[in-house]
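One chain, subunit A, links the two complexes that follow: it is found with subunit B in the first and with subunit C in the second.
After this line comes the complex of A and B, so read on.
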């Protein structure tokens, strides 16, 4: 073992000088926060979906016309959950936050923890109030997921109603009524179809690596039935009679074959089931046509149709909502005003919402836009030329609000496990829900 | 007669039985190995096959191993419509630089810990060693904040920083040097007038080649596959690394499996090339200490 001689004084001095230079450099290069009020603005946008990027890029000329800015857009793409992780890290470091970010509804609840949203996001409430009639025109059901303490922190991309998709050709071939009014009657029909044709009319996801997907299957019918996960005060209200009824309905459907379990709504398992005609109908959000059916079974174009979901005999509405992405603006930045104007002038105008539906398939979030004659006249080729907008307008009053909680991810984790146990028959629906509520309260401490 | 032949016969039978048993055990072993090989290769083969199929055929039922029709569209779309080349260059350059720097720094630090006596050595080594148990996610934000506050947050620099002096690499080098570099050789070099750095460069480094190869492969793969750190650090899509870039093709509801598979096939090439280049050193490095000397 060798003992080195001590370092010379000159070497130590050089080291100290280097450290001092690094510290001096650290003081430089901070972003300016002086608010821009007009002129050229380069907005940084973070989103997970190229469809939104295309929409906003096309909206630049209109935004330029309506505001005092000339916009340029720099887009960064990342996963929905990654956007929140990245944003929080950048905010802590005090550098690199974007001007606008798209928060997928499943990831946004992290922003509701503590005072994060209040400290980081621009409150749109005064902007909405400043436009005559806008507050009443915006659907409360779609501002609820992005609101806290009466403040709106993001503007939704969609009114993602849940509808029933079905194979029109196979329904005709198997002699199935296309307007069965209740789920209970539909389930009886489904059991018969499964027995006679090995086909199912409803799907639950059992994708173990994606708890949100497992929960979605149950969530759609729960909200339709009138149940919910959380109330407006972010308190858990899952353990209800409605939830037990819906879970019992799905479990019974799995035993009869009316419901089929699929490992992934969007991937190989579903594609195979659709191609083989083992799934000939399912309740899903309106965006599923573009992101589930069209990419997976393009050859079935023209064979699918959309209708309202059957009702539950005991009550509830005709639709639910699933998904959505709220766009927020980061506060206290030089571009905060410019980004807010940009969002209001692209996302929230009547023309912007019409264009949004035509280009992305996302329904308006303003009530009045549902009356637009251009939208009502649109035909859907994938659905055999159906004019779907009339159906959507009729369903609008039944869209339930979706309140979230910062602890939603905990709920999804425990609920997914208990749903799978209930589907397998290891526990009763009652036990599954009670366990979920207990485990959630235990882990979330509320 | 029978008393003399019987044991011979029995012994022959036993030998035949024993050799048959050994053959069947070997056969079983080979069968298991082949099955394991297939299990490990299956995802790669599927990705390779899928990368040449149209999107609608990737999950076709019944599954087709050979693409029919065979198409290069996925590769073209990946290279022409996405900044794949930039992601590839970024990942490869960062991983190569990180590997070169890391291998040098770890060897130097490992040499210091193995062969030098200095104040606080045990404490320093203990701190370094205990840092092995800290998950990267825990130091992610503090590291990012430090780099930003010191003005060193530029992606080219910051992407390399976490891999410059990994505790695992320093520990590995220290262990290897303790076992494989005799003090007498170093003493002889000092008596001959070699400088300390000269000893490290001319004597220690050449002796470390096998373990340097293993460390190089490990560092390269760690840096090349890193996701969380580039995610937090990089906001300009053109500066994304491959894992980040490929994920953007998958995270939207559109799930572009065709492009992801083509990207995965291309992304694996540098890692395979490095493994082929350093295979000998890697195997030697990994077996060090496994055989009692």
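After this line comes the complex of A and C, so read on.
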């Protein structure tokens, strides 16, 4: 009988090397797409905010109770823009995508380009429809930014309405009325305060390295006045009478000192202005208390208050919307169902939305949760014990939708430059808006 | 026929020949095997990306799915894109600053540091070199504070010295370019100084002695001895500065984001913006190809002008 000769050591080593390489390559292959329907699930979450990580981790027991899964969470943190960039890169590579991702509202429009969202993101529309009453309970203003062709691709973290923050102690000291009804009257007070006390009541950002910040200052008042950047069909509607009025108002305010230009809402310039009492009030989103005021001027705890913004005499609402983060689920993955259930059972339940406001300060996205008695009784220590939730509930009907477009970043780039030109007086508000619209149309077609 | 010579004697010769050529063949393969990793990596990480970019520049692609072939459309659009023209113009200004301000200043500083009797020379060298090792993000943060219009250090100094401040260093389109130029100057001068210093120390002392005997003054010695002797170093520094400045990204990206009103937008930022903010990968690739062609062509021109790589007679 033939006995094969023993394999030489070199051949054995080669074989082992080949086998190891094949195994390693197989491990690097595409993610398995056999859908998990129950049992242990390790969900990969990408987010830019540690607050969200904490929220979801605490939500695991509740999610376990409501679904057939036992969840484990692996969280990766990255900058808002990096999340989209890396997600797309991993999707091209065909592996390494997360199961859930948080899209900051300014970065999400990139997902709307071409058919990226349809290819990559789970459509929540059927899930929302499957829960009785949920569709009508969800605020359309907060599903609009993450929707395309009537499909919802992410669930928002907040109803980030814009309010007016002010220093209660300095308003009293300077004899300023705290309930001035219109912006126009308020601007007159502001000019006087600036002249007498070198303080300003409104802020615009001129941060050259952050076009979104420059645009935000204008966006808040524009949306409050009833204007918008894009309509529901993603068409540019910026070049409007409302926009011209708001930009004119800000430019005039800069000349009178009612408005001050600050290079960064969140950095050293704003901190200095706040500490020196140069800025004693500003319109900003509700999350600015946690991200702008508390970190910059913790020693001013108890001195700040929140009120609704003054109205524009010519019309518009009492609030606007600014910011937000939509959580989406990556489609066609083994964990897609599990991640969807997790999000619905933590982010979208009544209890989840109450907990979200208490733990993170982000307002509910379901209309019914605004009636929750627990939330209405909460006091805010930084704002001198104010019960803020009642104010937010009253402002809710005025929160405008934020329609976006894949070309939003183009608009922000050209608008930021023209806003700065108008602030400096190089062009009139009318010219700035016209130029913006022209430059946008020129570039958006590419 | 070849078989006719395959006799017993021939066989012996052949075997002997074969015995000699086998190790020779092995030996002749060895150098290629040793240099193969470089070429494999070069092909994988240089040639393939360049060729893919070239192909991508002829397509429209959002970053996912299949790119659509559009031929030369991206190049036609670039030709009429005002933003791209601005980016080219701004990059040209940064290149001018690098070549005509940073390089001469580095040469002067090197000359000063090379002076006999200079005290704490190593401290000066370190002080000039340190900016290059500082992270660009830190640089941007610090200069952002320095250039701030209302609360910045530079305006505070101006206010204290001349009673006037409030200069909008980063908000004024022209001044923003100057501010980026100042950061480039601060960051790169010391680095280039090191090259000039090394060149200066290699100039034979006899040349200076001869110049002194001829009664040449400092300026004449500098122009007739130092500068010609430094020609190879200068050529290297100019070409590398040109290539570096043509690809400038960090300073404007971190300090001004390309603003205000695209006044500091560089070509590399334009490429980044198109690819990673607007999902226009084909368009970005076309801009990258244009940048490559420009930088490559001008570098070749500089090489010929300075005679880099040619033996000096």
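The rule is short, and it goes like this: the second predicted complex is superposed on the first by the 416 of 446 C-alpha atoms of A that agree within 3 Å, B and C clash if a C-alpha of one lies under 4 Å from a C-alpha of the other, contacts with A are read in each partner's own complex, and residues count from 1 in each chain.
To be clear about the criterion, a residue touches a chain if its C-beta (ideal position, glycine included) is under 8 Å from a C-beta of that chain, and two chains touch if they have at least 3 such contacts.
Given the structure is predicted, the values throughout are model-derived calculations rather than measurements.
Novice: State whether A:442 touches subunit B only (first), subunit C only (second), both chains, or neither.
Specialist: Touch status of A:442: second partner only.
Novice: I'd like to know which partner A:85 touches here: subunit B for first, subunit C for second, both or neither.
Specialist: both
Novice: Looking at the overlay, does A:410 come into contact with subunit B only (first), subunit C only (second), both, or neither?
Specialist: Second partner only, subunit C.
Novice: After the superposition on A, what does A:262 contact: first (subunit B), second (subunit C), both or neither?
Specialist: In the superposed model, A:262 contacts subunit C only, not subunit B.
Novice: By the touch definition at the top of the document, which applies to A:211: first (subunit B), second (subunit C), both, or neither?
Specialist: second
Novice: With both complexes superposed on chain A, which partner does A:361 reach: first (subunit B), second (subunit C), both or neither?
Specialist: Neither partner.
Novice: Between subunit B (first) and subunit C (second), which, if any, makes contact with A:110: first, second, both or neither?
Specialist: Only subunit C; A:110 stays clear of subunit B.
Novice: Is A:302 touching the first partner subunit B, the second partner subunit C, both, or neither of them?
Specialist: The answer is neither, since A:302 touches no partner chain.
Novice: Does subunit B (first) or subunit C (second) touch A:272, or do both, or does neither?
Specialist: It touches subunit B and subunit C both.
Novice: Identify the overlap between the subunit B-contacting and the subunit C-contacting residues of subunit A.
Specialist: Shared contact residues on subunit A (touching subunit B in one complex, subunit C in the other): 85, 92, 267-268, 272.
Novice: Note which residues of subunit A are touching subunit B in the complex, please.
Specialist: 1-4, 22-23, 25-26, 28-29, 44, 46, 48-51, 74-80, 82, 85-86, 89-90, 92-96, 98, 266-268, 271-272, 275-276, 287, 290-292, 295-296, 298-299
Novice: Tell me, which parts of subunit B touch subunit A in their complex?
Specialist: 55-56, 58-61, 115-118, 140-141, 144-145, 148-153, 183, 186, 190, 196, 231-232, 235-237, 244, 247-248, 251-255, 257
Novice: Please name which positions on subunit A make contact with subunit C in the complex.
Specialist: 81, 85, 88, 91-92, 110, 113-116, 119-120, 206-211, 214, 260-264, 267-269, 272-273, 406-407, 409-410, 413, 416-418, 420-421, 424, 439, 442-443, 446
Novice: Across the complex, what residues on subunit C touch subunit A?
Specialist: Subunit C reaches subunit A through residues 62-65, 77, 81-83, 140, 144-145, 148-151, 168, 170-172, 176, 253-262, 264, 273, 276-280, 283.
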